Structure formats: structure tokens, C-alpha cells
Amino acid sequence: AEVTVFAAASLKTALDKVVPGYEAASGNEVSVVLAGSSALARQIIQGAPGDVFVSANPGWMDEVEAAGRLAPGSRRDLLGNRLVLVAGVEGPAVEIATAEDMPAPAAEGRIGMALVDAVPAGIYGRAALESLGLWQDYAPRVAQADNVRAALALVAMGAVPSGIVYATDAAAEPRVYVRGRFAPDLHPAIRYPAAVLEGSETGAGFLDWLEGTETSAIFDEAGFEVID
Amino acid sequence: MSLRVEVRRAVPGFTLDAAFEAPAGVTVLFGPSGSGKTTLVNAIAGLVQPDAGRIAVGDRVLFDSRAGVDVPVHRRGLGTVFQDARLFPHLTVRQNLCYGRWFARVRQPLGPVVEMLGIGHLLDRRPAALSGGERQRVAIGRALLSAPRLILADEPLAALDDARKREILPYFERLRDEAGVPILYVSHNAAEVARLATTVVALEGGRVVAHGPAAEVLGDSEVAPLGVRAIGAVLTARVARHHADGLTELDAGGVPLLLPRVDRAIGTALRIRIAAHEVILSRGVPVGLSALNHIPGSIAALRDGEGPGVIVTLDTPAGRVLARITRRSAEAMGLAPGQPCVAVVKSVAIAREDAGG
Amino acid sequence: MGWLGPEATDALLLSVKVSLWATVVSLPFGVLVAHALARWSFPGRQVLNGMVHLPLILPPVVTGYLLLIGFGPQGPLGPVGGFFAFRWTGAALAAGIMAFPLMVRAIRLSIEAVDPGLEDTARTLGAARPWVFLTVTLPMILPGVLTGAVLAFAKAMGEFGATITFVSNIPGETQTLPTAIYTFLQVPGGETEALKLVLLSVGVAMGALALSEWLGTRVARRVAGR
Amino acid sequence: MGWLGPEATDALLLSVKVSLWATVVSLPFGVLVAHALARWSFPGRQVLNGMVHLPLILPPVVTGYLLLIGFGPQGPLGPVGGFFAFRWTGAALAAGIMAFPLMVRAIRLSIEAVDPGLEDTARTLGAARPWVFLTVTLPMILPGVLTGAVLAFAKAMGEFGATITFVSNIPGETQTLPTAIYTFLQVPGGETEALKLVLLSVGVAMGALALSEWLGTRVARRVAGR
Amino acid sequence: MSLRVEVRRAVPGFTLDAAFEAPAGVTVLFGPSGSGKTTLVNAIAGLVQPDAGRIAVGDRVLFDSRAGVDVPVHRRGLGTVFQDARLFPHLTVRQNLCYGRWFARVRQPLGPVVEMLGIGHLLDRRPAALSGGERQRVAIGRALLSAPRLILADEPLAALDDARKREILPYFERLRDEAGVPILYVSHNAAEVARLATTVVALEGGRVVAHGPAAEVLGDSEVAPLGVRAIGAVLTARVARHHADGLTELDAGGVPLLLPRVDRAIGTALRIRIAAHEVILSRGVPVGLSALNHIPGSIAALRDGEGPGVIVTLDTPAGRVLARITRRSAEAMGLAPGQPCVAVVKSVAIAREDAGG
């Protein structure tokens, strides 16, 4: 049987590692369709043939659910993530809970973020800065990229001194250094909801596999918080 | 089959308003540069739409503004040869020639046309590799091969040298005489006009200023539409004998005329043109002169021409003959209407180029 | 193509297939529309012109979105949606639409350069307008048509936004080179893989371009008879 | 433009500014390159041709990346990077580069349609090649140049991928209409706002298109003397 | 200033290999269609590069394959008039005219040229709104106004009607005589050749088949490159008197010749052409004839021409005169070398068109 998984593009690395194990165990063939959560959600609403949807954004999962495209009761929060402040220069990593905790690289030059009104990582980041009371200050300096990977690339290439990205992205990019971790309560919880799509026969099995211990290790290694 | 044209068309700065009838044969349209010849040809071809008028070839109405008739260009069955050759650059000469044939009612063989136009060695070339004259010859062949009901030729020979002109003119004559295809022929060249024209239409400033059978229009000393040098008489003669020394004797109303061999059967009617400026007048029959042709007659009129010239109209058994001489000679000779007089014409002055069948 | 890996090979082959179909199928329409815009006058000419250019003006994502909605189950084109939705045919459609303005412009410019006197002459020789088009205009604009086709092909090879929005990024079905590149760019360390694909895509498109230049010169020489 | 809200108004004005600059600044280069490709023969002609077309072939994001790397601190163009980085000038650069192939193609086609005999004649009349170009070729290709410019403008108005990748999305500085549209499309329920901006963008580009058609006909008529 | 040309250029199917020297004045290049005239003109203009050869105007070397000289087209200072007018379509007639002037060493005023060419009413039009002839006239004006060192004219009058030809030819003559600008002039037209040519170069199949001063080449009964009709003598005469009746008397080596008024000062030297086919021979001085001009002389040679004709060369005080008559007349008159004979020429037969200053 085949399993088509619609997943937010940022999950690629992890899913690439998960899939072979599942295929070996189940004998099913998995096709991973990667794109922005918004594009995937719209396509699912328009009838895209899939079995599982893993969104980087609860909002878009809500939309899909409202459109009646989810297998009832199959939605769950699969993963969580942390926001970090990365910089091109090495230094100690701090926990950021107040404005004073912000590391030096963020104080000057532009800050790379994903679109602060549209892309989840950007929305969370803006919320965090607002909680810290820094948004007014930082807003003019923010360079918004169309996705969080592009924001990270800005830092990696030295185009900006610092950026706010997911911990998972920072972990895999050798050219950047994590200089701060935002306290989880500064922004709404970062959740990657997953669900089986309506009418799918193979989706449930794959979703269960995603929650298995073997996969948890993979996600954990990639820097995600595995939610039980 | 005759062509009837009645066309009005105005563009800023120029109004064409011309009506004429062209019987079978060649109707030559002439007039100074900018007089509207090309515009008229285009209107007949259907390439420009007249503001008003009617155009018919025989019974076939091609355009009638009142009846709302406007036959599409490709149904008009006209062969056109334009001033600029307008060959299809992407086709070889052979393909250009065959283009009209694809659509023609009748498929003529390529051979005779190719040979007549001397373009056999060019068949596989493309137009860009042809000289100006070569191009024009191919354009003529292309039009001929489309088996048209009427041929529109807009100065088709303007770019050709004299030798080629002499070679191609007979084909137009043959078309006129044998195929019965009417030809509307734009030309500046007096010799071409005289040789080809059955009917002459003179345009000036978009209007017809003279119109009628070639003999009349060209023989009328008051109408000099081609300029003084073009005045001349057009006579009809029959081939009487072919002499052994290469001369052909014509009989023009009883008057023998000698000219270099004309390859026509004895008895054939020919039109010959005697240009007024090539005629010498003599009081009596001249002796000891190299000119062989003497046409006796009596003076019908003396009319002052342009400059120091006088145009003398002579009534002769051969028809009206015009002579352009100086006023000084006329006075010295005491010429007056009613007087007998002999027109002296060198045999070779009735040139082949000016004699047509 | 072992060094590429099966996914990349799939993406490459799919991209070429999608781009070729997009080009070939849209070419007749492109010629027709270009001819209409260059030589006919009819009501709605300006509207047609505008519509042809829309994909150029709109951000590709918007075009993709409009296609998604249009061919969706509730969309006005829903009935034929099944043929395109989330299939390589849809990718070809998206690529074809995005490339269409380029194709039409190139062809239109070359039509406008044809001397109408030649077309007139063909008509006097007995050719009805469609024949004139086929035997005179079309052969003369071949270099322009070729240019238009290659531009369209190149554009189709690079099309990303409309494609991924309309038919997603399904490996083996709608994952073209550009969407594959995008996928690699989404993961840390994917740049090397992405670069490989970029070079591949550039190679194919440049090849097509060089071929077209070469063909174009030959055709132009033939047409001009030089 | 009250109904638009200040951000959308900013984006609109910025888009127009960016697209105009992109078009105007690249136009001379476009004409030059088109002329070189159409009429000169020099070593590297094919390479130049390929480079001009690269932005068409590459997914826009890749072009954006290449610009980012090229103008980055370590990039070969780093020294002038400051002029472009995260500024509207950079947006204009990205848009100009993306639109360049369209511009060059249109102009090139119209140059190829000019009768070299006319240029020859101008030379025999004493005009050196640059003068011939300015006084004969250029006026005769004006319709093509206009077409190229408008195509480039329209493309620039719709350019998104390369722009956001190169200069990010900084409201009032680099937030053009397409990025604003993209932003709205990313959030559930943002379609209505996005649609508003799409219509706006389409309106501007269509206006430019209609203007160019009108001008083009006039210029063509003037040039052909009809 | 003279033009020296030595050019070799081969294209598939055609090889041009021509060398000639053109002294000051008009050198007419003629030959059948496809003989390489246009190719040669283009080589001199610098528009096609010869495979080998040398081209120089006066001291100025324009091209020399051995010395590696190849002056760029725009530095050659040549005015060209092409078979097709090649007007700039985007410029008005006025701007077209001024184009060459912008770059010219000398700025001639527009007025005289415009008036001479009769294009004053066209100045604000664009080429597309001109007729074929109008276009060609503008092209001529444009070349003239570029103040060239050498004028290359490739059948510039081919598209013009006779009246316009007659108007424009004098300007070429004036250029030749007054400005000292050498002119290389391609023409098919015998009258043009005779009137303008100082030197004649006949091309055939890419080779020079005849070359020399016009009087010699055209007066040589063995070289008939323009066809039989073009044979004629070119004489030099001085304006002797202007008569009240509109005639001008010339003095050709003591022989008085009358022709319609020539607007030249008394004493001016003129070249006149007497076409062989327009001469009538008479054993004695004829009486009672309208022809005013009698040139006595003695027969130098009798040579069989084409067809039934004989070409008689007459030595006269005015120079060599050729007459083309029928063999029949020659026999009837018993003509033989050494015999005295009178050439009879109608005053108006020495036409203005054939007389040039």
C-alpha cells in the first residue's frame, strides 16, 4: 500500500530518517510531499490525495479540520519546538526570559526572522519579542524571510548578525551559533499538529509509527520536543 | 473580357477619383510620379478599399460600394507584378514560381515561362541571392503562372535592362493577343506604352486626363501626356513580304514601309508607331537619301508645339502621321495646311521596339 | 545518473517532460494568440492581451492559487480538474501558463516584422488568409516561433511558485527540479544537493538555448535566403 | 487610498518605485546586450546569451540566493553590497535581473527585424556605427524597446521569490506588493486582503500594458510613417 | 580626382573580377542584369569586402588587401543612391535629406536641391506616404546633401518618369562639371549613358568587357554594349549663338548645328550625341527637307551591323559621325570608303536629352 504524507517542509530531514524504518516494518511505500503548511492545507482542502498531514502551524490544521478533511479524532499534537536566537559569531548560549537577557549580537544590525505576520516561526518570534517588550525597538531592524530556513540562511551567510529561528534549524547549521533560548512562556506553545486525512486507510498506521519510540529518538535528535 | 473601374479614394493630401473602361488587350496607365497609379492598381487588386466605386472584370463584379460587393483579394483571380518584386524570401525561385500555380484554376507548365524569362539557372536560389533584375523577372513569372483573369503590372520592367525588356515585352504581347487576358500595365516608358497599349489611360493628380484607344491618345498632338518626345502616330499595317536582305515590307493603306525583319506571318496586322520627332518632311519625294520610307500625304494641321517646334499633322493613305519639326524649317519650307508633303522615315527608325503586334 | 540519486533523476526527467509538454501544447495557441494580437482587430483585443500577460504580472503563488481554486472541486473548471489536479499534467499546465506571455511576445514581435506587402502578394496569387498564414507568415516567423518556444521551455524548467501551489510537490508525479531544489533548501545542509540540481537544470536549459540559437541562425539564414 | 491601509499603500508605492527603477536602469544595458547578441559576433557571445537567460531558467529563490551570496560580506560583490542589502535598491536589482531576459529578448527580436540595408545607407552617409545605432536602429526599434520595458516592468511588479530571498521583507523598504500578497496568503483567512492587493497590482501592470500598447501603436505608426 | 578600382570577389556561382580607372567626371557602369554592377558599387562603398584588390579615390586609398587598408564605410565620404531608395522610415523627408548633411564636411543649403528635385511639398511626409518615384528623388537629394567625394548611383533614375529624369539629369551633369565630384553611375539607359558618361565601363559576367572614354566606347561601331540602338557619336561643340526663334546654334569644328535652346553662355563647350540610327545619309546637300543640320564628310568605313543594317563611319570636320542605315540603302546609294557624303540630322533629333554640357 502507499502512504502519502503532506508535511511542512521543515520536517524533511527528520522524515527522511523516519520513512525507511517504517517502509521496512510495514511494507508500505511512503511518499513525502513537502511544502509550506499553507500551500499544503489549501491543497488538502481542494482535494489533494493524501493520507497524513503534518502542519507546522495549528492554524492551518484548524482550517483543514473545518473543511471536514480530517479523519475524525485523528488530530494530535505531534511535536514541539523551541525558538532560539542565533548569531554568526561564537559565544555562550543564554536562557532568555527578560529583555536584559538578549545577547549582544541581537542589539545591532538586522535580525533575520521568518515573516512575522504569516509564517509560524515569525509569528512566534514576534510574540516572544513582544512579551519581552522589545518588539517596538526591534521591529524596524527585522529582515523577514519567506520561511524560517531562509531566515537562518541570512545569518549563516553573514548577511545579518543574528536571527530568531527554531532550535531544530539551528542545530543542523554549522555556520551559526545558538546564543540564546527563548523561554517557552514568552510565546504560544510551538506545536506541530498531525492528523489522518479523511478517507485514508493507511494514514493511521503511519501516524502511529510517527509516535513510536524509534521515531521519537529521531525527532529528539533533530532537536524537536516530542509530545506524548 | 473587359475591366471597368470607377474608384474614389481620399487620403490626406491626395484624392484618387478615376473611372475608365479597359477593353480586352493592354491598357497602359501612365502619368507622372505620384499621380495615383499604384493606388489605383492596389484598389483593383483589393489591397486598398476605395471609399466608393465599382470594379468589374467582364461580368464579374469585384467591388461595388453600393451593392456591398467586395470580393476577397484571393478570389479576384488577378496576377500582380509590383514595382518591388516582393518575392517570398523563404522560398526558392522555383517555389516562388509555383506559389500562384498551387491555387490556380489551370496549371501551366513551368518550362516555357522559365525559359522565356531566362531564369532557368536561378531556380534553386533564394531571392536574397538575386540581382534586382533577376528578382523582377521571377516576380513576372510567378504572376504569369497563377493563370490570372487580369494581370496588374506596376512598372514591371522598370528595373530591367533594355535587352531583357525586349525579351519580355513579347510575352506580354502574346498574353494580350493569344490568351485574351486583359492587362493593366503601369509604365513611364513611351516605347512600352506604344508597343503594348491597346488603350491608354493617363492619370494626373489622381484624375484621368486622357483616355482612349492608343492610336487616338498617342496620335493626338494636343495630348502629350508622355512629354513631347512621346508624340507620335500609331498606324496599322499588314505584313506584305519578307525580303531576302533582312527587311520586312509592310503595307500601310497602300504605302510600303520597310523595317528590319518582323517574325510574323504574311498578312498579320501590326501596329507600328512613328514618333513625331523622328519624321523628316520633304516637299517632294527625296532622292539620294538613305531613308527608305516615304509616306506621301497632305498637311492637315500645323500646330505650335513646345519650344521652337511645330507639330505637323499629315493625312496620308497610311493614316495620320505626326511630324515634329522646327518652326524655322516649317517657315523655310513654306508649309501650310492643304499642301502636299512627304514624310521621310528611316527604315530603321521604325524600330522594332516601337513596333508591336 | 547514479550520482544523482533516484529522486533527483525522477525530478529531472519529470521537469523535462513537463516543460516539453507545456511548450509543445501551448505553441499552437501561442502562435494563434500572437497572430490575433499582431494582425487582427476585434473587440476585446486589449482584454485578451491583458489576460495573456496576467501570469507575468501576478506573483507565481497567486497564479498557482487561482489555478488551485479554479480546478478545485468547487471551482468553475472543476469538471476537468481531475485531469490536472496533483498530476504532472497540472504541472505542465501551470508551467505552460506561466511561460505563455513570453512565448506570445516573442512570436508577436516576429509577426509584426513581416512585411504585409508579402502577405498581400500571396493573397493576390490566390491564397486565402489561412493559406497565406501557413505558407508565408509562418515560415517567415519560424525564428521567432523557435525563440518563443525555447523561452517557454526555459521558463517552464524554472517554474516553481505556481507549480508547487497548484499541484504540490509529489515525488515522481509533480516534484520537478525547482520544487526539489526548494525541498533541499528547506533543510540544513541541503545546499549542496540543491546546487547539484541547479546545475542540472541550468545545463538542460542552456542546452536548449544553445540548440535554439544554432537552429535559429540556420532557420533565419534559410528564410532570408542568405 | 484610505481603503488600502497604510501598509498596503506603502507596498504599492514601493512596488511601483522598485519596478520603475528596475526597468529604467536596466533598459540601456538591455538595449546594449540585445544589440550585441543580435548584430555583433565576439567570443563568448553564447556565454553572454546564457547568462542573460539564467534568471529565467533558475527558480527565483535560487537567483535570490546567488544575489545574497554575491553581495554578501564574503561575496565577490561584497564591496557594493551595502548599497543593495536590505534596501529598496536591492529589490530593484533583483527585479531588474529577473526581468532582464524578457527585456533583452524583446529588444533583440526587434533589432533583428531592422533592414541592415538602412544601417548600411546611414554609414555611407557618414555616420559611424554608434551614430547609426542612435539615429537609425534605435528609433526604428522603439516599439520593441517599449515592449521590452513594459514586459520588464510587469515582471518586476510580480517578482517575489528572488526579491524576498535577497532583500527580505522590510515594511516600507523592501515590502513590495507580491511579498505583501504572499504574507496574506500564508495566514488562514487572508485571501480577501490578498485579493485586494492582487487586483491593485494587476491594475497597475495592466495600466502600464495598455499604455504601452497605445504608445507602441503610435510609435510604430510614426516609425513606419503610416 | 579619379577613382581607381581593382576588385576580386567570388560568391558561389558568380565571380566579380574587375579593374578600371575612372577619371574625373561620370563613369557609367553598365551591363546586363546580374553582371555584378551592384556588387561592384557595394565593394567601393565598403559594404561588401572584396577578397582582394585595391580601391582609391584620388590619393586616398579606401581599400588595399595587400597593405591591409580598409577605410570604414562612414569615412569613405561617398554618397550612395541605391536601386531601392532605402529612406529612413522613421524620419520625415526633411530629416532624411538632412541626415547626410549632419556628418558632412560642407553644409549645403537644402533649398536648391529640394527645388530641383520637386520635393518641396513632401518635406513633412514620411517615406511610407511617398510614391516610388518620390522616394527615389528624396534618396538622390539625401546623397547630394552629404557633400560626398564620390557619388555612387545604382540606377538612381530607374523608377522615375521621363519628365523627372530630364529634370534630374542636369543636376548630375552640374555635379560632374562644376563640383568635380566623380560619379560612378550604374545605368541601363542608353540616353543616360550617352548624356552623362565621361568614361564608360561595360561589365558582363563580372568582367570588364569594354572600358574607355565615352566618345570612344560609344562611337566604336564594334563595341555595341548597349545594343544596336545605342551606337552613336559623341561630338564636342561650342555654343555659337542663340537665335530668336528658340534655336541655339552650336559650332562643331566649323559645322553649324541647330538645336532647341540650350541655356548655356556663348562659348561654352558642350558634348552632344548623335545616335547612329537617327542619321540619314545623303549623297549631296539635300534640299526641301525639314532637317536643318547637314554635316558633310567622307566615308571612313562601312561595317556590317546586326541584322539588315550597315554602320557607316563618316569623317567630318565636327568629328566622327556614325550612321546606321540599311544595307539596301547603302547599296542603292553605292556607298564606299573615301566617298563624300552628308549626314542629315533633324535639329530636334539632336534631342536635349541626348545633349549634355
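In this document, chain identifiers A, B, C, D and E correspond to the written order of the chains, with residue numbering beginning at 1 in each.
To be clear about the criterion, contacts are C-beta pairs under 8 Å (C-beta built on N, C-alpha and C of every residue); 3 or more make two chains touch, one makes a residue touch a chain.
Here's who's who by UniProt: B, E = Maltose/maltodextrin import ATP-binding protein MalK; C, D = Molybdenum transport system permease.
It should be emphasised that the depicted structure is a prediction, and the values quoted were computed from it without experimental measurement.
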| item | value |
| --- | --- |
| For chain B and chain D, chains touching each | C, E |
| Minimal step count in the chain contact network, chain A to chain D | 1 |
| Inter-chain centre distance, chain C versus chain E - centres from mean C-alpha coordinates, in Å | 59 |
| Chain A and chain E: spacing of chain centres that average the CA atoms, whole Å | 90 |
| Centre-of-Cα separation between chain C and chain A, whole angstrom | 35 |
| Rounded Å distance, chain C centre to chain D centre (Cα mean) | 19 |
| Per-residue overlap in chain E, given as positions that touch at least 2 other chains | 84, 125, 129 |
| Residues within chain A bordering two or more other chains | 150 |
| Numbers and ranges of chain D residues touching at least 2 other chains | 61, 65, 161, 182, 185 |
| Touching pairs - complete list by chain label | A-C, A-D, B-C, B-E, C-D, D-E |
| Residues of chain A that touch chain D when the two form their complex | 36, 38, 41, 59-60, 62-63, 110, 112, 115, 117-119, 142-146, 150, 153-154, 157-159 |
| In the complex, chain C residues that touch chain B | 115, 117-118, 120-129, 131-132, 135-136, 139-140, 222-226 |
| Residue numbers on chain E that touch chain B, as the complex places them | 11, 13, 30-34, 38, 83-84, 125, 129-134, 137, 155, 158-164, 166, 188-190, 226-227, 229-230, 243, 245-247, 258, 260-261, 277-278, 280-284, 286, 288-292, 307-309, 323-330, 333, 344, 346-349, 351, 353 |
| Chain D to chain C touching residues, read off their complex | 46, 49-50, 53-54, 56-62, 65, 101-102, 105-106, 109-110, 112-113, 143-144, 147, 151, 154-155, 157-161, 178, 181-182, 185, 194, 198, 201-202, 205-206, 209-210, 213, 220 |
| Chain B to chain C touching residues, read off their complex | 45-47, 72-74, 76-80, 82, 84, 86, 88-91, 99-100, 102-104, 125-129, 142-143, 146, 152 |
